[in-house]
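Attaching a single structure in structure tokens format; questions to follow.
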Amino acid sequence: MADKLMSTMHEKDMQKVTAMQKVTKILVQFLLYAFLIVMALIIVFPFYWMIISSLKNTAEYRLPVPTLFPQEIMWGNYLEAFTAANLGKLFMNTVYVGIVSTILSLVVTVLSAFAFARLEFKGKNALFAALLATMMIPGELFTITNYVTVTKFGWLDSYTVLIVPFLVSVFYIYLLRQNFLQIPNELYLAAKVDGTTDLKYLWKVMIPLSLPNLISITILKMMGAWNSYVWPRLVTSTDDYRLITNGLRDAFTDMSGQANIPVQMAAVTVVSIPLFLVFIFLRKYIMKGVSRSGIKG
Amino acid sequence: MKKRIISLLLVLAMLVSAVAMVSCGNTGDSGNEGENGGNGANKVRYDVPAEGYDGSEVTITFYHSMGARLQTVLDTYIPEFNKLYPNITIEHSSQGDYDGVRDQIKTALTAGNQPNIAYCYPDHVALYNVAKAVVPLDNFIESTITVTDANGNTSALGFTAEQIADFIPGYYAEGTAFDAAGTMYTLPMSKSTEALYYNKTFFEQNGLSVPKTWEEMGKLCEQIKAIDPDCVPLGYDSEANWFITMCEQYGSDYTSLDKNGHFKFDNDTNRGFVKMFREWHQNGWVTTEEIYGSYTSGLFTATEGQKCYMVIGSTGGASYQQPPQVDGNALFETDMATIPQVNPDAPKVISQGPSLCIFKDSNPQEVVASWLFVKFLTTNVEFQAAFSMASGYAPVIQSVQSNTVYQQWLDKANGINNLTALSVKLALSQSNAYFVSPAFNGSSAARDEVGKLMQSALVYTGSDVDAKIKELFEAAIYECEYAAH
Amino acid sequence: MKNFLQKIKFDQWKAWIYLLPAVVLLLIFTVWPIFNTLRMAFWNGYGLFKELGGELTFEFGIKNFKWVVGYGGFITCLKNTMLLTVLTVPISTILALVIAVCLNAIKPFQRFLQTIFFLPYVTNSIAIGMVFEAMFNIVGFGTTMPSYGIINNILGVFGMDPVNWINAGSSYWANIAVLTVYIVWNALPFKILILLGGLQSVNKQYYDAAKIDSTPRLRVFTKITVPLLSPMIAYVVITGFIGGFKEYSSIVGIFGDDMQAVGGESLNTMVGYIYKQLGANHEGDASAAALILFAIIFVVTMINMYVSKKKTHY
Amino acid sequence: MKIVLQNLTKVFPSRNKKSNEEVVAVSDLTFTIPDGKLVGLLGPSGCGKSTTLYMISGLQKPTGGQIFFGEDDVTSLSPENRGVGLVFQNYALYPHMTVKQNILFPLQNLKGADKLDKNTMLERALEAARLVQIDNLMDRKPSELSGGQQQRVAIARALVKMPRVLLLDEPLSNLDARLRLQTREEIRRIQRETGITTIFVTHDQEEAMSISDVIVVMKLGVVQQIGKPQTVYDNPVNLFVAKFLGTPPVNVFKANVKGGKLYINGEAVLDVPGVADRDVFAAIRPEGFIPDENGAMTCELSSIEVMGRDVSIVSKNEAMLTPTIRSIVDADYKVSATAQNVKFNLKPHKVFIFDSQTEERIYFGDQTAPETGI
């Protein structure tokens, strides 16, 4: 067998190989960064456009050849965005709805995921499959029926109507169930032997162990509140309950329907910043949640 | 154990509240209406309560699309109304724009949660009527039941003959565009129309005269194009209005209330004018908002680059056609005229702007109270005057014009910085020319489709124009028929 | 033994108590709407307002489905939906995969770039639609003095003629190109996030082993990275297909409610059709179309799952 | 092909960003691995043996020093150009490939002069599989194999391209005791058959001793002793090496030298001529005790374990540094289990004496001082 040994370095030109190796490495790094930077620029461009547009005046925004940097920086657009759209109140509404619905949603999701992951009961698998199937139905048709339902409940123009109908997300239950399943069952049995109640076990073991996922759900839910548009518009009619995106769309058109786009962009920028900050600070958890979501199912 | 109990309680509480919410939902309403069939030549009727308004406390909701300025006007006059009827509370809210009002009400109707009064266009009312949700007004208008206001004065619930006569006839007739019998479903609130804005300075400098007919318009465009080859002489904001107005001016068919064939706009006359305007567009004579990619008022008021010298647009948007100013001096003067006609002796201009409709309600007193408020808004001279001045829309009753404050405002009209008054003046001067097209379930689809048709035809650059136009018309009819099926 | 059985019974109702809030809410806000959809879909000529107006009596049948399928525009919607899905899912998946692999291969600025690539995920969709429109727009196309959006200006820098992307008279394929760019742009962050997460949980030793065996980079990518990531890729593709079939808001975002460029071909999609029918009071047709859409998504998902079961490893 | 490591050093930057402490994993390592030998890198965890292995493979870059394969300096050569085979501790078999595909994989990467045609590749793969006796498992996936089978696949994959150097990282650590014995014999056999210079890393001295031609004992990044296993066992260079090798382990006592005699617990137990008076550590192999009623060394008897041929006597002594004294004697020696004390004489070449400060060997008796490198 020894006759088949790989050719030795003598046969190759050592220096050439070493040099090639260096060049390749530098070239590969260069290409990697070049590609990533070009893609990043493409990704970022709409943002850049949004921000510079929010600082232009209307005349400059409409220039035939768009400027890449505002000639005159119009901070006033931001002031106008806030005053014209009552953004402050809408902002607070959004935060309130976001927080309350997130907390309630987490409670509901954790309880259901626990039942599906740890408890044995008749029809468990059938029920779970049915839940997953609902994810495939286009939700557009639910809107009208749900509107009739909440109206019959007398919930229109309230925080309830913004929070309750969307508390349950099958996706989150699914995500968390997968996470719970990864926690060894022995821990649960051990806890049962020790006489620990289910809730205590849930609180002391399951929740800490799936914290990254819970945080991811929290963030996704908050972002959902931040971006929801159709439903809040439908069920709220006063600024007491409307959410921020509703304000964005409606506030900046004047009587003839001409939009003051720079001011609108300013408002959009203001709205996007909190989400952006959330991502920067909680990036770790979002990443963890996603990679742990147990896609292997 | 404690936590388990708490969780149980929590769950139970949620269940109980859910059940409670289901059970205490309102039980819907079908109202008390005595209708004697709307199909034949008989008008649809609504049974007005025999006692009229009994003075009970009711809250009336009113959906509109007023901006902040107009809401201020409304808020000033609601107390005036409450001096007469202190027990009627008016709650109003803006739903953004006309489509916003329609969408909101559409969904609200499905849950029986509609407002009492709403801004409306005829197409919207046709839509609400499918659900039979709109109160026919004839019985109110004709009602002789006496109502006593807070000052002890009595008056008829309905309109007097003088009041009806005071309405500008073209506007008043809009309320009857829904069935063959002419059932009245809406009252006009404030109105606008389309007008021709032109650059008076430019016209005078070049010795141009304002076109009265489309023929003259064509020639004028050619002339202007020769003077300024980079310009687009004319901008027409709404393609759909253009098509519908041309139908009316030519006397050709557009739509009809005939249930067996609503859509009649595919005919030679209509294909003819579409073809003609396509050529105009291809010559660079005319553009529209959608085609241009931005508002044509932007072209009209441009200070550099490409310009246009005429715009046909809503009188409600007059302030956007105001000439730009540099150091306090206007760069030119704008003037207004009736839009070009096929037959200038019998002019036709489209009627736009909000009307008011009243929705059925389980409490008849709310309907009566709504009527009282609608009657107030449409017949109160001071309110109509104030609203017109704030909005730039024309008042719907003629007596407003003899109001001194209003008179003074109209007198200040000019083409430099008070184009609004100028536009109202023009709107009032052509009150004999207004038309509305029939409104039925599907009429809004027709409007959408002819607008699209017009756009597509204008931008077509291929060689077989006739075939393309035929195809576009047929496609539009197909879409309309499908939408109304 | 008796004790044990009692315990099982206790577990039964205990599980239902845990599930109660979710089940109640789902019954009210998900299950009931689904039943209502079925009711409307199989009620011939159903319209909500017609029912409210009292003109309608129940008549079971598949007339609504016939209307939907018989409508010429429906085929267009189907075609557009399919085309956009078939274009955007592979493009965005491959692009996301390449970006994720590249991101995973660098050290300096990795976090920074990762944050950048996640940006589209946290933006308001309404805003971005407006931005894209402004970028591709041409004001005054066809006149003597058009002003171009930034994209055409960039093309100009490379000496290319401006393209009419979305304005009056633009071609169908130009419209589709813009939509593809927009949808891919929108879809990238989620996919990058999932795939990067997957990559970071792959055991680094596989790569060391490949290095020891002098594996060329491309072969590492195709023979090791892709197979090891296959469960994530399958997930991304399946959700991409489902999302693709529900495409709607991106088209409204750029082309407005008409869902077509002026004088152009219709870009309407299945969900757009459903909305249009809702707008025209054809709730019956809309429900029928939603069920058809559901069937299509269901079949496509099943095919996807079948293929991915065959193609994904371990 | 011989491998030369010259002043090889690896320093890891501190993980904690705030403190600037660096971790020296390998320090100034110099030794030569002769061609065709099986070399065991041995030491407790954290001694730098794996790092050394990874530096030889090229997966880690040395901070200083050089690595030669034969006459070639490969220090800056990347792993793909070194032509080594590496068996990972967890095998790193590609989970999505069958055994056959796993083994074929390295062959498909060969380029230039080494490039093979398809049939040769299959032949070679089968040959490698036969060598490790897994040729009947070729179409299974790794998840369908036992730990031992996976291990063999990993070896086959490393061997199939006939690398000039084969590296194994703790190859037996994931196997149960029986498999471990069996597999280590196989590694030995395969190495013999192929003649490939092989380096393997282990923390298990028994494993290293049993199959290596040469062992390298490391501690905290520094080589302690290099040599044939038996030589190192018989002639350890310092207390660490003495303690690290041997089962049962060596017995260590606090002792002192006075007048050429070694005293443990006050008893003179051995003559150590020529050693100056001082405190020392005395390490006595378990087999270095001879029970003798008149023995020089007295210990308190704890228990006697009879293990067939041998007897293990467990006892105590005040000077001992290990928890017990374990001596293994021939079963012929009869020791009363009930006795209070047991007395021993010592075999001189089984007793190692170390300086109490430096822990270096100070007395070699009739042995010569061992070399630390080859």
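Lettered A, B, C and D in written order, each chain numbered from 1.
Note that in this section a residue touches a chain if its C-beta (ideal position, glycine included) is under 8 Å from a C-beta of that chain, and two chains touch if they have at least 3 such contacts.
If you're wondering where the values come from, they're calculated on a predicted model, not measured in any experiment.
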item	value
Smallest number of contact steps required from chain A to reach chain B	1
Most centrally placed chain - per-chain CA mean versus overall CA mean	A
Relative to chain C, chain with the most remote C-alpha centre	D
Pair of chains joined by more contacts [C-beta pairs], B-C or A-C	A-C
Whole-Å gap between the CA centroids of chain B and chain D	94
Centre-to-centre distance between chain C and chain A (centres being mean Cα positions), rounded to whole Å	15
Geometric centre distance via CA averages, chain C-chain B, whole Å	38
Whole-Å gap between the CA centroids of chain A and chain D	53
Residues of chain C engaged with two or more neighbouring chains	18, 21, 25, 28, 48, 139, 145, 147
Shared interface positions of chain B, touching two or more other chains	7, 22, 110, 294, 305
For chain D, residues contacting two or more additional chains	78, 81, 83, 161
Inter-chain touch pairs (all)	A-B, A-C, A-D, B-C, C-D
Residues of chain B defined as touching chain A within the complex	1, 3-4, 7, 10, 21-22, 24-26, 67, 93, 95-97, 100, 104, 107-108, 110-113, 294-295, 297-298, 305, 314, 316-317, 320, 391
Residue numbers on chain A that touch chain B, as the complex places them	62, 64, 107, 111, 144, 147-148, 150-156, 197-200, 203, 234, 237-238, 250, 253-258
Complex contacts: residues of chain D adjacent to chain C	57-59, 78-81, 83-86, 88, 90, 92, 94-97, 105-106, 108-111, 141, 143, 157-158, 161
Interface residues, chain C side, partner chain A - complex	8, 11-12, 14-16, 18-19, 21-22, 25-26, 28-34, 36-37, 48, 95, 98-99, 102-103, 105-106, 109, 111, 113-128, 130-132, 134-135, 139, 145-150, 153, 185, 188, 193-194, 196-198, 200-201, 217, 231-232, 235, 242, 246, 271, 274-275, 278, 283, 286-287, 290, 293-294, 297-298, 301
Chain C contact footprint on chain B (complex, rising order)	7-8, 11, 14-15, 18, 22, 30, 109-110, 127-133, 229-230, 232, 284, 287, 290-294, 299, 305-306, 441-442, 445, 448, 452, 455-461, 478-479, 482-483, 485
